[in-house]
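One structure is given below, encoded as structure tokens.
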Amino acid sequence: MKKMLDLVVVENNKLNQNYCLLKLSTPDKSVLPEMYPGQFVEIRVVDSPTTFLRRPISVNFVDKLKNELWLLVQVVGDGTRKMSEYKTGTIVNLLLPLGNQFSTPEKHQQELLLVGGGVGTAPMLYLGAILKESGFNPKFLLGARSSKDLLQLDDFAQYGQVYTTTEDGSHGQKGFVTNHSILENIKFDRVYTCGPKPMMMAVANYAHKNQIECEVSLENTMACGFGVCLCCVEDTKHNGNVCVCTEGPVFNIKDLKWIS
Amino acid sequence: MKKMLDLVVVENNKLNQNYCLLKLSTPDKSVLPEMYPGQFVEIRVVDSPTTFLRRPISVNFVDKLKNELWLLVQVVGDGTRKMSEYKTGTIVNLLLPLGNQFSTPEKHQQELLLVGGGVGTAPMLYLGAILKESGFNPKFLLGARSSKDLLQLDDFAQYGQVYTTTEDGSHGQKGFVTNHSILENIKFDRVYTCGPKPMMMAVANYAHKNQIECEVSLENTMACGFGVCLCCVEDTKHNGNVCVCTEGPVFNIKDLKWIS
Amino acid sequence: MDKLKVNIGSLALKNPVMTASGTFGYGKEFADFIDLSRLGGICVKGTTLHNRQGNPYPRMAETAAGMLNAVGLQNKGVDYFISDIYPEIKDIDTNIIVNVSGSTVEDYAECAARLADIEKIPAIELNISCPNVKEGGMAFGTSTSSAAQVVRAVRKVYHKTLIVKLSPNVTDITEIAKAVEAEGADSLSLINTLLGMAIDVEKRKPILSTITGGLSGPCVKPVALRMVWQTYNAVKIPIIGMGGISSWQDAVEFILAGATAIQIGTYNFVDPTISVKVVDGIADYLERHNISDIKNLVGKLQV
Amino acid sequence: MDKLKVNIGSLALKNPVMTASGTFGYGKEFADFIDLSRLGGICVKGTTLHNRQGNPYPRMAETAAGMLNAVGLQNKGVDYFISDIYPEIKDIDTNIIVNVSGSTVEDYAECAARLADIEKIPAIELNISCPNVKEGGMAFGTSTSSAAQVVRAVRKVYHKTLIVKLSPNVTDITEIAKAVEAEGADSLSLINTLLGMAIDVEKRKPILSTITGGLSGPCVKPVALRMVWQTYNAVKIPIIGMGGISSWQDAVEFILAGATAIQIGTYNFVDPTISVKVVDGIADYLERHNISDIKNLVGKLQV
């Protein structure tokens, strides 16, 4: 059941010039609603004349012990800038949880790769944590422009082996995630990915060629986030235009028209 | 010469539930532009989706020693609410100084009464201070609903005798300013007034009947504040519609159509 | 709360607050957020005779205090609505109104006819004002003759409450309103979206796949309110006012300007609970102003 | 900055940024804030043949991302302008354009005629779209025949650059645009304000003395941009685009949609320095995108 909730900012860490990690909790210590990897929230950004609609942000992590929801925010415009300026104690209104979720691998699918690029690494952390909790040993492949844009590496390392690429070679292998040697060296059973569309397409192509099951998480622009405006659609193979906010954001690439 | 300036909040005192006193200074310690009693500023309230236009606020006081501009703000809507929440260090964009000014009394006009009601007391403080500085001994007559709405009484007391009325009788004489016995007991040479329109009209009537020179400060709604939109007009006896933001806000009642 | 009851033709609403087509899905999507039975009515998504895929993505652009949409009436057609959606929503204790659209007069009439005998659909809203479809849609709503033609055809086959939704993209909305009234419409609803556009300057491309789209949200409220006021002074049938309503104050503005009921659209995205807040706000207002019946407020602007 | 130069008919502008009539006084009111010579042009306050007192107060209502005004063309008449104001502003190193209005065709023509030989007034902008006057104004701009009639009369007596300012309150702006072009106008400017309304719910009264007024500001930008785009695709004469411009991005949107030059209106109240910021922003954009001449950007929306 989705809810409209006021949460309170308990921490806001500036990770680098463009990214912050917002940690939210309930103001009354009530337990946060259950959220699953791949789901997202819609934040209302008040106090800005240019931010009329809510902003969709992925669930980056749910710390059940501390009753915290983590959001990894990349500043790209006024809405995300406001979020990056939230102080501890700020009350934020959210709709949550929204969207579907990444699917759980079959027991025999042991080689799992989680590929994240840019802010698309956000949902991969929680997905990795839950996979680990379920007895899997996921591997992470994270790409960024340069080392300072590789975020939460220590957090990722708790849940599996981390491989990285940077465009300038300042961390891990130089180049794009899809050039990483691990893709050649290991035969994966399943790939999950989120990031810039060209990256996801390249990953999807790799998976398709190698007959690996692959799920991608889309970031189509949204007006509502819960299936009523029909603005966020993706054209699918069998069902035509479907809402990314309710049928997604996670799609199996075999349902998308990305690969012909 | 009017300017667009960024000033910094050096203090924001909540005077009571509905009023705050904002003290602003230049961020670079440069000297504030010269401002005269009766003039006002136009504040830009960013960070609010409902505050598109600037908000006009009177010069409440200029502390030349501390290089501070004081604004007395009554919270009536989103713009003034935002102002009341400004923290020390907030940068505020203003146009200033705007409007004309109260005129200086003739030497022989020794009995001066400054009548303020509600937030209309704001310009009276600076006017009183300047009159005092110029060698006059102004008297203040301040009205409010109840004692807690009578603001800055200590400040006023520095510049002249203070008389008060409250509607509930909790301070000074009970009733409206125009019922105060001082109006009967002293023959004033000049009256200055600012406050709710019915109050100003009553004061104007009193002055007119007693042939006392009288200036009122109007608060017509404004879009620009510097004479270009022609939205703030007041109909005058000899010049038809004139802009309150440039020909006013201070008018001699003999020029207004208030009294026939 | 008897004092909130209003009538649109023979349709009785428990209060004047409805939700606008295309912004409230089929209602059930909001069941997690609010008690749907507190609403005066729900206008469901634009429905056409046949299945429609709508326009390509991107369909949305945010604008100052509003948004542009170019959905293009994506829906699975009226038969699917009746067989698959209606059963799921028919027991919601409010008025379910179907918003009907078409590319030809015949389509409108046929779609309306199929809804005519559905028990728990007491009214339809004819959308002759959709700016997001190539044929029909807004074209019908911008000329008196074609507007009249559609209404005439539908009126013949539809005998329950017929609401006709007008386009604001016209020189004189009262002309269209009068033409529609003359054909026997029971009520007028207005406004649909204003035709607008947005450009991505870095890419030098339109943001919407369709170049232009429909503008809605608080930004359009002054225009909508003016049109309701003009229309109220031109016709006798009840008006359902909408366009940018985001608070009970906005709703009361529309009622004072002449709307018997109101619809809330885009703001449902910003605050999915806004509709019930508006119901409460109106009730408070009546209380505070000692008004015993909201009908006494309709069109009571003092001019 | 040669790359910023544009032409409106025979009028050369040093850059495409002008300020809109009624929002910039006579220019000199802004001299404290900006260097006026950096502007492409200044459209001064609406001027009529005779002195006008305008509408009663209140004339203004703030709205979501915009405002309503009901000034009603208050001005002291064209002769006063020529004798008392013109001498004070004629030496500003930019193009001073007089916005001309009237209640009759004869008034328009006579007012234009009196400005025809004023040396430093290289152009007039015919306002056939003012929503705030009882007679004339917008009425002229909402029908092709009356729009054509005014332009014809003025064209006979006015031989410098003639810009005609169109009303957005029409079903199809391209029809009016084409009619005006056919009468020999050198350029079209659009949009004037959208007719809107606001109500004080506590007092149950309209906020404006005139009940309705003209809506402007960022809220109208999507509508304005769409109309510029439509008009660009319908006429050959240069277009001056406006409506809600508040940043250089907005200005570039209008240019891509087909505007040769742009005007900034309401936002001058919010930021009196916005016009020069927009000039700088456009220059930067050209630089960044390696565009050698802004004329290469006009209408270059990739669709």
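Just so it is clear, A, B, C and D label the chains in written order, and each chain counts residues from 1 on its own.
In the analysis below, a residue touches a chain if its C-beta (ideal position, glycine included) is under 8 Å from a C-beta of that chain, and two chains touch if they have at least 3 such contacts.
Computed from a predicted model, the values in this text were never measured in an experiment.
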Centre-of-Cα separation between chain D and chain B, whole angstrom:
36
On a C-alpha centroid basis, what's the spacing between chain A and chain B, in Å?
54
State, to the nearest whole Å, the distance from the C-alpha centre of chain B to the C-alpha centre of chain C.
47
For chain C paired with chain D, centre-to-centre distance based on mean C-alpha positions, whole Å:
34
Residue numbers of chain A (touch at least two other chains):
49, 52
Among the residues of chain C, pick out those that touch two or more other chains and give their numbers.
63-66, 217-218
What topology does the chain touch graph have (line, ring, star, complete, other)?
ring
What are all the chain pairs that meet the touch criterion?
A-B, A-C, B-D, C-D
Chain A-touching residues of chain B, taken from the complex the two chains share:
46-49, 51-52
Sites on chain C touched by chain A in the complex:
22-25, 29-30, 32-33, 45, 53-54, 56-60, 62-67, 69, 71, 74, 217-218, 266, 268-273
Over in the complex, which chain B residues touch chain D? Could you list them?
1-4, 44, 49-50, 52-54, 95, 220-235, 240-241
In their shared complex, at which residues does chain D touch chain C?
61, 63-66, 68, 142, 169-171, 194-199, 201, 203-206, 211-212, 215, 217-223, 225-226, 229, 244, 249, 252-253, 256-257, 285, 300-303
